[in-house]
Structure formats: C-alpha cells, structure tokens
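Letters A, B and C mark the chains as written, and numbering starts fresh at 1 in each.
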Amino acid sequence: MPNGTTITDAGAELLPARPGEERGTLTGWVQDLVYTVDHKKLGMLYIGTGLFFFVVAGIMALLIRAQLAFPNGRVLTPQEFNGFITVHGTVMIFWVAMPLVFGMINYLVPLMIGARDMAFPRLNAFSFWLTFFSGFLLLFSFVGGPGLYGAGSAPDAGWFAIAPLTSPAFSKGPSIDYWSLSVLVSGIGSITGGVNIMVTIICYRTKGMTLHRMPLFVWLALVTMFLVVVFLPPLSAAQIMLTLERYLGAKFFEAQAGGSAILWQHFFWIFGHPEVYILVLPAFATISEVVPVFSRKPIFGYPMMVAASILIGFISAGVWAHHMFTVGMNSFGVTFFAMATLAISVPTGIKIFNWLATMYGGKIRLELPMIFAIAFLFQFLIAGLTGIMLGVAPFDWQLNDSYFVIAHFHYVIVGGILYGVFAFFYYWYPKAFGRMLDKKLGLWHFWLFTIGFHLTFDPQHFAGILGMPRRIYTYQPGRGWELWNLISTIGAFVQAAGVVCFTVNLLWSAWKGKIAGDDPWDAWTLEWTTTSPPPEYNFEKLPEVRSRRPLWDLKHPEDPDWKFE
Amino acid sequence: MSTESLSLTETEWKLPSPRVVGMILVILTETALFTIFVVAYLFYIGKSTSGPYPHEVLELPILGTVLLLSSSATIVVAERNLHKGVTSLFNLWWLITALLGLGFLIYTAVEWYKLIYEDHLTISTNLFGSTFYSLVGLHASHVVVGLILIFLILIMNLTGRIKHYHHEHIIMISWYWHFVDAVWVVVFTVVYIIGGNS
Amino acid sequence: MKSLEHLACQDKDVTEGACGVLRLVHRSGFVIPPVGSALRDRAEKLFWRVFLLLTAALPGTINAQTADQVRSVQNIFEPVGAPAEMLHRTSILVLLICLGIFVIVGGLLLYAVVRYRRRTTDDDETEPPQVYGSTAIELAWTVPPILIVVVLALATARTVGEINNTKFIGDPLQIRIVGHRFWWELHYPKYNITTANEIHVPVSYLSTPRPIELTLASADVVHGFWVPELSGKEWLVPDRENKWWIQPSILGIYLGNCTVLCGLQHANMLIRVIVESPEDFDRWVTRQQRPPTLDPNVEEGRRAFTANSCGSCHRIEGTTSNGIFGPDLTHFMSRQTLGAGVAPNDDKNLRSWLRDPQVLKPGCLMPEMKLDTQQVEQIVAYLKTLN
C-alpha cells in the first residue's frame, strides 16, 4: 500500500480504541495503565517515563550550560552545580536512555516475532514500576535534607561516583545513598526486564521464524538484553559494597585499610562500558529497520550484521579500562585495552558500510524517519571517530576527563542514540497511535534540534583540546574557553526549542494526526500486518513466516524472499 | 499468511521452554553478581592492614559443606520421585532437602557468632572482614531465598495445589538450588582454601 | 616534525630497539613522509595561530615566550618538551587517519543520499533491485579497517612504551606532588624544600636536558594532574604512587587543572608550572631553603597567627606552627597566587581570604576564622614578610 493512504478521517471511529480509551473515563484510563501487564501499554509507559525524565534532566543541562556560558559564572553554587551534573548524567543514563530502550523493545519485539505478549507479563509490569519509582527516589534527593534551595542532598560525586569521594568521610549525609539505592533498584528492574525479553525472543517466535529470519531489530534486542543480564550485576555489586561501606563501616575502597580506589573504577567500568553498548545497539536496531524500508531494499548483508552485533557484544566485555588509561596502569594494561578498543571499532564501522550499501542502488524516500537515520549515520560516524581517537591511549592521556570526552559521548548518546530514538518515534508512532506525526512540525524539530546539537557539542571538542577539564563549575577568563562555552550554551537552548516542537507534535498528532492505516510506510515486518494501533491480543491469527520479510512475500507473490534466501 | 507455504504442525515448531531459559538467565545474572564479590575477595587476600587474619580465625566448614552438598543429592532423589508420581516420597525428600539447607544456615550462624563475639571480626574490622561477610552473606541470602521457595512448594503440595503441569516449575527451583550449592563450592574454595592461609 | 633522534632516542637500552624499528618505518615512508614535514609544521602552526587568535578574541592571553609570561591558553597541539611531543606525534597520526575516514565515508554517505534519492518523476510502484548482500564486497571492506586498527595499535604501543619506560639522561629532578582538597602539596626531596601549588622547574634545552620526574600521591580522594602543553594527565590516587614526567623546553608559566572531581572546589584546584632558566631556578631553590626572616615589626601578627591556631593547619619553618592539613606558608610571598590559583596573591585578596576564605573559594576546607579587622591587618602584615 503506497504512502499517502486515502482513508479519510471519517473512518476514525472504526479504528480500534487508543490505549486507555476503552474505559472512557479518566480514572478508568489511569487504572488501566496502573494495572496493565500488556507489553504495548507498558512499552508506552516506559517511553513516557523516559520522555518525562528527559525533560527534567534536560532542564538541569540548561542550568549547567547557563552557569558555564561565561567565566566566573554565578548562576549556580558549586554545590548545586555538582548536584546537577551528577543527577543530569545519572538520570539521562538510567531513567531516560534505559527506559526508552526497554520501552522500544517491549512495544515492538512481541509484534515483530508474531507473539501475543512478553514471556512473563506480570514480571514486565514489575520491572517497569521499579524503574519508575526509583527515578523519583533520585529526584527526591533535591528536596530532601535542607530542601530545594542549595540542591538538598542531591548526590554530587559525578555519575560514576569515584571512590573514595563517596566514602562517609568525604560525602556526609545521604546524598550518595540516593544515588546508590535508586540506581540499584532501577538495575533490578532492568535485569528482570532483560531476562523477560530474552526469554520472549528465544521461546515465543511465531512458526517459521527461525533465528536467522528474525528482524535485525530483534537480534539487536537479544544481544542488548544479554549485555544487560550479564553486566548490570557488577554495578549492583559495587553499589552494595559502597552502601555497606557507608553504613556498616565496611572497608572496600578505603585507602587507610589497604583498600583500592582503582577497584571501584574496575567494577564500575566493567558495567559502564557494556552499558553504553546496551544504549546504542537499540539505536542500531532502529536504523537497521528504517534504512531498508526507506531505501526500498533489504538490509545489505544480514548475516554479517548479525555477526557484527554479536561480536560487538562480546568484545564490549573486554574494553572497560579504556576509561582508566590515566589511573596509573602499567604499559601492558594500557596497551591491551587500547587494542581491544580499537578492535571493537571494526565490527561497528562495518555496520555503517552495510547501511550505506543498503542505500546504494535504492530509491531513498526522505521521510522523517529516514532523515533522522541519515543524520544518525553522519553523527555516529563522527562519534565513532572521536572514540577511536580516545581509544589510542596516548591521545587519551591528553583528552581524558576533558570536554573532548564530554563532546564524544554526547555525540554518541545525543547525536547517535537519541536520533535513533527520534527515528523510532517517527517510524512506529503511527503503529502505536494509528495516526501519523505531523511532517512540518517534524522538520522544525529536526532542524532546530540538529543545529542546536552541533552548536552545543562541536565547540566542546575545542574546549577539551585547549585544556578544559570536566566537572568544573566555573573557569577563569583567559584560558581560551569563553567562546566555545558561549556557543555551546546557545546551542543548548536551540536544542530545547527542538524538543518543544517534538513534544507538541507527539501530543497534537495523537488527536489530530493523519490516519495511518495498517501499513503507512509500505514496510515488510510482521508488526505492519496488524491494525494501527494493534488490538490487545496483537494478531487475530498468529502468523506463519517463510522469510525475513513476510510482508514483502505477501505483497510480491511473484518474487518472494524465500526463493532467494 | 501465504497458503502455499509449508504448514508447520505443532510438533515441528518447538522452541525451548520459557521457564528453563528464564532460570538459565537468572543463574547467569547471579553468577555475574557473585563474580564481583569473589574478585574483591581474591584481590584483597593478604592486603588487610590489621587482624584478625584468615589463618587465625577460619576453620574449614566441613559439616556445613556436607549438609549443603548432600541437599543437592536429596533434591535429585525428590525429583525422581516426582517423575514417578510418588508424592509422599517426593514430599519426604523435599523436606529433607529443606532441613539440610536449614542446617547449613544454622552452621553458618554458629560460625559467625564465634567470629564476631570471640574473634572480634566484623564487616568493618578490616578488608578480610568486609569481603568475607559480604561474599558469604550474599551466598547465605541466596540459600534463604532457596529455602523459602522450597518450603513454599512443600506447603503447596501438602495442600494439594501442585498439579502435574507444575513439574517444570519444581525442576527449575531445584536447578536454582543446585546453583546455590555450586556457588558454595566456589566460595569454599576461594575463602577457605585459597585465602585460608593468609 | 623534529628529528626522531631528539624526540625518542635520547635514551639508550630499552628504546634502542624501538628506535631502530622507528627509523626503519620512518625511512620507508610508512608513517609520515619526511618530505614536506617542514611545510606541514608551518601550516599547522599557522592554523593554530589563527585559531587561537579567534579564541583569544575575547579577553585572553596569547601564548608567550618569556619566563614570566603566563601561558594561560594551553593547547595540546602545541607541545612543549619531550613527553608532550611524543603524545603529539601519535595524536596527529590518529587525527589525520580519522579525518581521512570521515571524508571518505561521509562523502559516500552524501553521495548515496543525493544520487539514490527518489525522484518525483519515479513511479512509486516499482522497487529497485533487491540486493541481499555480497560476501566478496563485505570481506573486501573489512580489510582496510583492520589494517588501520593494526597501525593505530602499533603506534599506541610504541608511544606508551616510550613514555612509561623512558630512561632519563642525567639525574632527573624529583618532585613529589601530594593532592589535597583543594591544593597541591609539593616536595623537592633533593633540596629539602616543601611548598605548595606553584611548581618551579628549570627549563630543558637540547644541550642540557633536565627531565623532571613527578611522584603523584594523594592525601584524601582521587585528583588528576594536567598541564596540557607539558604532558598528558595522570591520577593522584590515595592508596598508590604514580610516576609521571615532564621536560619543558620553553620558558613560561604553564597553567593546568585538577582533572578528577574531588569536591566543591575542584574547579579552583589550579596548577602553575613555572619554567625558568637554570639560574633563576637555583635562585628560587636558595630562597626556599632559607629560613624566613624574623621581622620584629610584625611580632603582633606572628602572635595572632599562633593565637588563632593557624599553625594547626599551616606550617611556617622556624616557628611552632607545623600543621600539615593546609599549605606550607614558610615562603608564602614567593607565590604568585593564593588559594591554589583562585586569585592573585595581592593585599586585597589576602585580606579577603583572611576575613573569610569562603568568599573567594566557597566550599574550600579553610573555615571562616572569625578574625576582627585588627587581627586581619596584623596577620596580613606578618604573612607579607614570609618571602
């Protein structure tokens, strides 16, 4: 069915009810969402949670940038600044990126594999509510203690909480505990969610969908959740040790007792590095679905894409100490981890080639999902290259803990992952809501956000090169940092404007968007075979597949995929 | 979907059981958790700046180990009876498993009483104390969870709530129990054998 | 690009083998061809001059070449001295390779989007040829990334080895740096000097290299030492000692920062490395070794200092004050700044600091000592005699 469906708005009453609409009243709607175990509703709850915390942490970012716009800034006190950078980072990772990932996967995976729900629906709800409430525990730290003014007892030791700054001697009061406990609880939610998703993918695929006929999105979800299951526990372990140290006087990282601050670093980064792959693989997943559909060709080299993803998952377990090149490791350790880091760039880079080759010879439709996907490719390319620079340890010895690193990881997370999330929204929102997102607002969103993104983070590379370290609440004039910081702050506000456009689009289109129909993009995977939005039971009859693109087979019976795969 | 595609009957399309995969993943994640505590223990062997030291206060927990590891054997016997359908024997061996596990916990409690009150080794004394109690304590907490699950099954079986389609659930619980015992083997080796003389 | 002889092969033994390989590789033109390196040098310098002019368009200081000019704009691509130059070489290699990859892959992406865009004249019904993949192509495009990775890995190994295993020519000057919240404790064991925050070192010329070996330790939490133009950064960890080194070859005052969040005033834990001529350095050493003069005019100040327990945190040689929690004040007036660089060391700032250090450095660990105006004046007068 070509793009630009001819169904008019008059058919809207025939659409299945939007989620929560069945009960009609507001209390009914709220009850529905609170009691639900349906993967689609939970998926949207996850995503809604992620978006809410995105706005909260984004406001913190705006305050941080306002403080840093000029030397000797007076917008925030050092206490407030340290609290904001810590909570901004922590919230963005654990209550924005993770819920978005879990939400995206929760919503789509059962639909893509032709299942009716997740393997353990009640566990699914449990995972979500753990994530949801733990976020508020962290935000509560701002109002705990002395109250909102002065940032209360917000944790202020950075998002990776370097020991021994976090020991009771140097961090009195409950600030660090808000950090440990909220992340610990959220971690339990993530681990249980990870188990659930892996079991669903392994055990609930519809008839005929062998592992090598799964959409790439599902493959990447599988690898991502494997990383969650194996690498979130080290963080929980480290936080348990930290909490024991702070409350029972245990001696894990205390120098006087013979403890090692570096051990905390190892434990944290054994989690921390796979964590960033946990965040980026779902973005790869989205791009791997969007690029083929909008280039009108199947993904180039599916087996190699799968192999590369699995390889990335495994190698990511062995690169963690590239965050620790400057702690004083011996040459062997530094060189080993540098080599491992460089090695992981090979499967990652190859994926870019595969996406490029998919576009080659295609008929690229520059719709919004594809526009964001193309921006992702450019920006992820740059992010990957600055990552390679940082992986070369001598270069890292200069640039570690500087604004160059901040620029690098924001390029990955905002320029890469968030653009993947935006592509996800523009592509699958019609499926979830039955209506298209507005194209004009979408373009405003894209341009404002992209210009803002580049204004914010491109200059930070230069600030780092000129010696600006991380986590400083202010700086003196004459260091050569003023211009870059000012541009960066302006960019942050431009990005905010883009986010406003996006939010308005999301809300407005839910009621006034163009009716989408089952398959507005002329796509090929199973979720497009059911209605938009799908009924609670997903499919009237569980489908049977013979190839990677079941809907292509249906639409092109003279040229089905299973003849060629 | 396509009518001419081969129609796979129920028996041809067999995916692994979700409970089995789920339990394997739970065991995987718990292994990752334990590994970090084991690494911390190993890393800090010999690094405590003050006593008491392991060689002064640790004794090989032979009795406790025997109790725990035999509970793995008794749970297998219980399982066999479950397959054969002999509910009374299943209940008996299942109960024995629980009691052996309980015995292990009591043994640990006695050991800790001695360490705390006679040897004055607590979690805050030194690196050895911190890593010892956190690792052994983490294991003990998993034993407690296992015991709760075992007792729950016992009670549910005695009240007739367990049906034939719950067999897989019970086997998964026994897998969890075997995992807890396997972790004890590692803890025993690391704490009492490798670190015992430092 | 300076001759390899100067950069890497000042040392024998360990780096001899590496140097041999280096020379071979260099001669084979594999790394960067020697031809045109002078041109590239000049082009690079020109680029940075323009760049810095732009960045320093707002009030700033252009990099200087004399001993008392402050090099406040530190640029990692303007290395000064051996370790920084070793890092710089590898960094340029990586940068150029990454730039090349960006141009090629980015160009291909741009081309694909433009060339294979759906034209409005196209009819929507036909799909392009459905190509599933090509093992040959995929294998082919795996090879260049692997090669690039191998080159970078080798370059990394070489430079890491160079810096970590360097054998110094002559006796290196040993300086022990202990990080505190939020200042730097400095010891020169050879000269028996204890001071704080401002590191004086002699300049290192080709003919008379003076390597400076830094021992980094911490008294509380983790800190980081970074003076970009002199070397990469290294951590100061409480339970270990890290060794690092610099060998500055140009006179000047180099600014640096603590790079690991250590608390509220992490931002103002600034470093000054004052690179001076060997004569000036010796003069400074002599001055630091001299006990402070006992000026009878500031007797009240000295008494106020002791009466207010300043000595329980600050040491002044030759007096009963021997605290080690705060910086050593024996030669306080020899320092250009106070508060680890937060403000210049002049009367106004000194008065403000004594009245309430939390004004200039909120969150620093010196509390408001609740001195009245007279006590402040007396102590200021006393401190000003500590040359």
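What we mean here is this: a contact is a pair of C-beta atoms (placed from the backbone, for glycine too) under 8 Å apart; a residue touches a chain by one contact, two chains touch by 3 or more.
Keep in mind it's a predicted model, so treat the numbers as computed, not measured.
Enquirer: State the pair with the higher C-beta contact count; candidates are A-C and A-B.
Expert: The greater number of contacts lies at A-C.
Enquirer: Grab the C-alpha centre of each chain and report whichever is closest to the global C-alpha centre.
Expert: Of the chains present, the most centrally placed is A.
Enquirer: Among the chains, which one keeps its Cα centre farthest from the Cα centre of chain C?
Expert: For chain C, the chain whose C-alpha mean is farthest off is B.
Enquirer: With chain centres defined as C-alpha means, what is the inter-centre distance between chain B and chain C in Å?
Expert: Computed value for the inter-centroid distance: 52 Å.
Enquirer: Counting in whole Å, what is the centre-to-centre distance of chain A and chain B, each centre being its mean C-alpha position?
Expert: Taking the average C-alpha coordinate of chain A and of chain B, the gap between them is 35 Å.
Enquirer: Could you pull out the residues of chain B that touch at least 2 other chains?
Expert: Residues of chain B touching two or more partner chains: there are none.
Enquirer: On chain A, where are the residues touching two or more other chains?
Expert: Only 258-260 qualify.
Enquirer: Report the residues of chain C in contact with chain A in the complex, numbered from low to high.
Expert: My answer: residues 52, 54-61, 70, 72-77, 86-87, 90-91, 94-95, 98, 101-102, 105-106, 108-109, 112-113, 116-118, 122, 124-125, 127-134, 137-138, 141-142, 145-146, 149, 152-153, 155-157, 159-161, 163-165, 181, 216, 220-222, 224, 226, 228, 231-235, 237-240, 242, 255-267, 270, 362-363.
Enquirer: Considering the complex alone, what residue numbers of chain B touch chain A?
Expert: Listed in rising order, the residues are 1-2, 5-8, 13, 15-18, 21-22, 25-26, 28-30, 32-33, 35-37, 40, 43-44, 47-50, 123-127, 129-131, 133-134.
Enquirer: Which positions of chain A touch chain C when the two form their complex?
Expert: It is residues 2-3, 77-79, 82, 157-158, 162-165, 170, 255, 258-262, 295-298, 300-304, 326-328, 330-331, 334-335, 338-339, 342-343, 345-346, 349-350, 352-354, 356-357, 359-366, 374, 377-378, 381-382, 385-386, 388-389, 391-402, 462, 465-467, 469-480, 482-484, 556, 559, 561, 564-565 of chain A that touch chain C.
Enquirer: Could you please specify the touching residues of chain A with respect to chain B in the complex?
Expert: 119-120, 191, 194-196, 198-200, 202-205, 207-208, 229-234, 236-238, 240-241, 244-245, 248-252, 256-260, 263, 267, 270, 543-546, 550, 553-554, 557, 560, 562
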